[in-house]
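Paired with subunit B in one complex and with subunit C in the other, subunit A is shared by the two complexes that follow.
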Partner chain A sequence: MRALWHDSWGSGRGPAVRLAPEARIAAGAALFAASLAAPAGTGRGIALIAFVATAWTAACGMPLRAVKSFALLGAAMFLPYFLLVPLLTGAGTPGGPSGQGGFLSALAAPWDVVLHGFAGLFLTAATVTSLSASDFRRGVLALPLPRLVTGVVIQIVHQTAVLFAETGSVAAAIAVRSGSGRAGTVLRVLASVPRVWLPRIIHRADRVSAAMELRGYAETDLRVMGPTKPRAADAAAIGAAVGLLALAAAIRWDWIR
Partner chain B sequence: MSVAAVLAFDRVTVRYEPGSRPVLEGVSFTLDRGERAALVGLNGSGKTTLLMAAVGLAGHEGLILVDGIPVRRRTAGQLRQKTGFLFNVPEDQILFPIAREDAAFGLLRRGVERTEAYRRAEAMLAELGVGDVAGQPALHLSHGQKQRVALAGVLVTGPPLLLLDEPSAGLDPPGRLSLARLLGRLDAAMLVATHDLDFAARFCRRFIVLAEGRISYDGPDASVVSQAWGTEA
Partner chain C sequence: MSAKTRGLTSARDLAYCGLFGAAALAFPVVFHVLRLGHVFMPMYLPLVTLAFFVRPAPAATTAFLVPLLSGAVTGMPPFYPPVAVFMSLELAIMAGLISAIVTKRPKVNEWTVLVPVLLLGRALYVGLVYAFSLAIALPAGFMAGLSFLGGWPGIILMIVVVPPVAKLRRGRPGAAVPAREGLKSAYFDSIAARWDGWEDLPALDAALASALERFGVGPDEAVLDVGCGTGNLTRAVLSRLSSAGRVTAVDISPRMIEEARRKIRDPRVDWLVADVRRLPVPGASFDRVFCYSVWPHIDDPGEAAAEIGRLLRPGGLLYVWHLSSRSRINEIHATAGEAVRHDLLPPAEETADLLRKHGFLATTVIDDEAQYLVVATYEGKGPEERMEAPAGDACALA
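Up next is the complex of A and B:
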């Protein structure tokens, strides 16, 4: 997971990488919203979700290795929802749905989670692969967001990367000092979270906030770090993404009615 | 207190909890404009706390003046424009993903034009021997390289007072030597917390020794310190 996070940023080589960073973030966000809005229970909705996720992943040029890794991560996160199907069918329960119709209706809820989950994961991951850490900062700063929000979001992403590195150091220290194998180390790392990891992270957060205060981070309009000029291709990409969001909303509206 | 003092401590006491044993007790000294002093002491002697107090990050009793202005919560912002502070853990200080961006931040927030700010940041990184990593993610650098990136961010704005906490930690011998030479060339007053007497002796002519939160020696003779520590050659 740590390597996946580190390696993913800026690893994409698709045509979307040529868009301005803010256009990549805005288009990614609009497509993410479209994938959530489209219903997973209709053919048109499924087709739209699949199209949006696949097209954006391809446009961002997500490396095959990352595609495989995120597919595995998605499988681990979302496929277990199908284990709920036997519970939801209520087979043999008086008054519960039964037969093929009951099975299909029980399948609907996990299917909804799995399809939307996979699409959301790939859309987020593809957007991340299209942005280097520096692009991300420039993109967030160029978006019309409140100054406090941009400052916090940028630090969350930056400090998350630092946190992964810190976790790696804690894990390495535990592995070396305990002499355990991989599984033993994982267990020891988990057991150490409240006693080792958490105090270290709290201490780190304390120091980082002191550094932010000293360096004037909060009082500075971070847009001084690098404004960008919008181009026609950026507007077209955002327009297409918003169009797909509107289509998803229309399909959802039609489905509800 | 000297009128030329850029930093003055007058009977300063710092406690982390009210009523607890003080971490610093009755500390008084002044640092004149352009003067370079090493703040030395064993682990836990209060060096970092003293530096923190000087920029208002540790609450204190007594009086601390930076350039004649008392260190208080409401003056903290104004005072921090006059000071450059280096933390002993560079990861705490680096707030931007790319080395060049982090080093340029102080200039950009002072209104320096972007191209010029990046040019000056890169020049400072090069002077500190890390010019080749200017465009790299700071997270991927070694500890010594991160230390120099953080230091570049401090030095590039040219503050009149530098408070440096273990600046040579994690640097290789050539890196320590070039850093000592660079610090020796600067006009800024500096207070450098360190255990590294050889490093400090290259550019400091004054040694302030802290022991259990009190100043036990303040003078020009580094050998007093090594004798006290039992580390003299």
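Up next is the complex of A and C:
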């Protein structure tokens, strides 16, 4: 997970990276919505979901290593849903589906989870790989979001970069030094949460807030550095994404035959 | 939470939200590295703890955003099935509720708040899983049961871990809830070396000397200089005193006192790093108390007035004084650092009224374009009733 966090930000090298950061975020969000809206039970829906996920992953230039990592993660998270099939075939349940048709119908719900799950996973991850931390800050600030949301998101992303390295090192040190078997490690870590981890975070938050106060931080500091001009490419990307969302909705509610 | 804020959140709230939000993203990494898995709900721990330290809106917003952010960047929790969204809703409601209760009743027992809110949150999460599973034709009872059973180790861990940490929010100076004066002290420390560079010192010295002449400061008097800063008023007062007179110069900023001591080496001065509301000085010790260019920075002027009353001899004089207009002072503070941004000087009549409530008789009240001055005589209790010094936390330097 730590590797996923670090590898994700700004590792994309595709053409979408040339879009304005806010356009990448908006287009990614619209495509994600399109993938959710499209039904997983029809050929057109499946084609649209697959196209949207593949095209956006390619457009963002998601590195192969990240693609493999997310594919493995997706397999671990979503494929176990197929284990529910025996529960869904309704064996022994009066009125439950049975036989070949019953089996296929029992596959529908896990298939829905797997397809939408993989698509959502790749769409969000691809969007993140197209954004460096500074792109993300700029994009979030340019979007019409409440200031509180913007401020909190930017702070979290900024602090995470600092905290991840330190946290990972300390965790590894605990793992190496605990030497008393798995149970001992578990107890040691759990005991350290209230005595070490959380007080350290409180202490650091105090220092950060004092520094912010001293340099006169205010919500008005949340502004985009430099002018941003709307460009045709950005408008086209967002327009295409919204168009695909509309198409997904049309397929879902059978507006086109 | 003493920090005055503008808008929905303060710098302090944002710093806490950023750090605890980051911790909520990092804790699953720790648990993952140590092969503890997600059974202990490591993302919940920091977010539930955060709710005890910040106001409801930032607490709920952070708790809502973290699972979504984690889902977007690392893929966990997933957006479909909407585990990330369910966690966001559960956490936002829990954090918002805890923060709202703690804000309204700061002395409430942490366990009393935490346990029912955690149970409510879990019930909401299980309900959402059940409803979603029904909607997409998964075995709803099985999925909800799995969610219900899977959450218990994490809930037990939170019940054990969070309350002792949440107790840190109660009056730990400079830590969980940093005292406002601590921030001010740091702020004035940071500008101490530059302070005199912003003043026209010859003009200031002349203005102070002329004013002290008018005030009639006598040669053998004992004078308290509250918020002495770099000692410009202290020096002006010393120039009027004989060898029998003395000045006690007080400031909350150690660096300001250092600057003042570097400029003034005089055995008639006692330097104190202290808050005027808690001075470790016997009662009825002073003939005059000057609050020169400091009144708006005092967090509780009423408490300060009571303490100054304790320190003055009967008939002693208090001067609340600025050599600029009130509007100019407030304009300067409004554009200064966050630590003093909200330190506004009230109309002089208001200050006079406040002093009257604490046993003073205001004899001069000036609030014009040239200066702000309230002179008040202390008419309170006799010295025999006021000899005890409070248990202050001052640091005597000389």
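Operating definition for what follows: the second predicted complex is superposed on the first by the 194 of 257 C-alpha atoms of A that agree within 3 Å, B and C clash if a C-alpha of one lies under 4 Å from a C-alpha of the other, contacts with A are read in each partner's own complex, and residues count from 1 in each chain.
Here, a contact is a pair of C-beta atoms (placed from the backbone, for glycine too) under 8 Å apart; a residue touches a chain by one contact, two chains touch by 3 or more.
If you're wondering where the values come from, they're calculated on a predicted model, not measured in any experiment.
Novice: Using the superposition on chain A described above, determine whether A:137 touches subunit B (first), subunit C (second), both, or neither.
Specialist: first
Novice: Check whether subunit B or subunit C contacts more residues of subunit A in the superposed model.
Specialist: If we count touched residues of subunit A for both partners, the winner is C.
Novice: For A:24, using the defined touch cut-off, is the partner it touches subunit B, subunit C, both, or neither? Pick first, second, both or neither.
Specialist: Touch status of A:24: no partner.
Novice: Would you check which partner chain A:84 touches, where first means subunit B only, second means subunit C only, and both and neither mean what they say?
Specialist: Touch status of A:84: second partner only.
Novice: Identify the partner contact of A:208: answer first if only subunit B is touched, second if only subunit C is, both if each is, neither if none is.
Specialist: After superposition on chain A, A:208 lies in contact with both partners, subunit B and subunit C.
Novice: In the superposed arrangement, does A:155 touch subunit B (first), subunit C (second), both or neither?
Specialist: both
Novice: Between subunit B and subunit C, which residues of subunit A are contacted by each of them?
Specialist: Shared contact residues on subunit A: 155, 158, 162, 204, 208, 210, 212-217, 219.
Novice: Please output the residues of subunit C touching subunit A within their complex, sorted ascending.
Specialist: Going through subunit C, the ones touching subunit A are 6-9, 11-12, 14-23, 25-36, 40, 45-46, 49, 53, 57-58, 61-62, 65-66, 69, 71-76, 78-81, 136-139, 142, 157, 160-162, 164-165, 168, 174-176, 178, 182-183, 186-187, 190, 336-339, 341.
Novice: Name, in rising order, each residue of subunit A that touches subunit B in their complex.
Specialist: Going by the criterion above, the answer is residues 132-134, 136-137, 155, 158, 161-162, 165-166, 204, 207-208, 210-217, 219-220, 224-226.
Novice: Residues of subunit A touching subunit C in their complex?
Specialist: Against subunit C, subunit A makes touches at 1-2, 4-5, 8-9, 32, 36, 70, 73-74, 77-78, 81, 84, 87-88, 108-110, 112-113, 116-117, 119-121, 124-125, 127-128, 147-149, 151-153, 155-160, 162-164, 167-168, 170-172, 174-175, 182, 185-186, 189-190, 193-194, 197-199, 201-206, 208-210, 212-219.
Novice: Please output the residues of subunit B touching subunit A within their complex, sorted ascending.
Specialist: Residue positions touching the partner: 52, 55, 57, 76-77, 80, 85, 87, 89, 91-93, 95-98, 101, 105-106, 108-109, 111, 114, 137, 139, 153.
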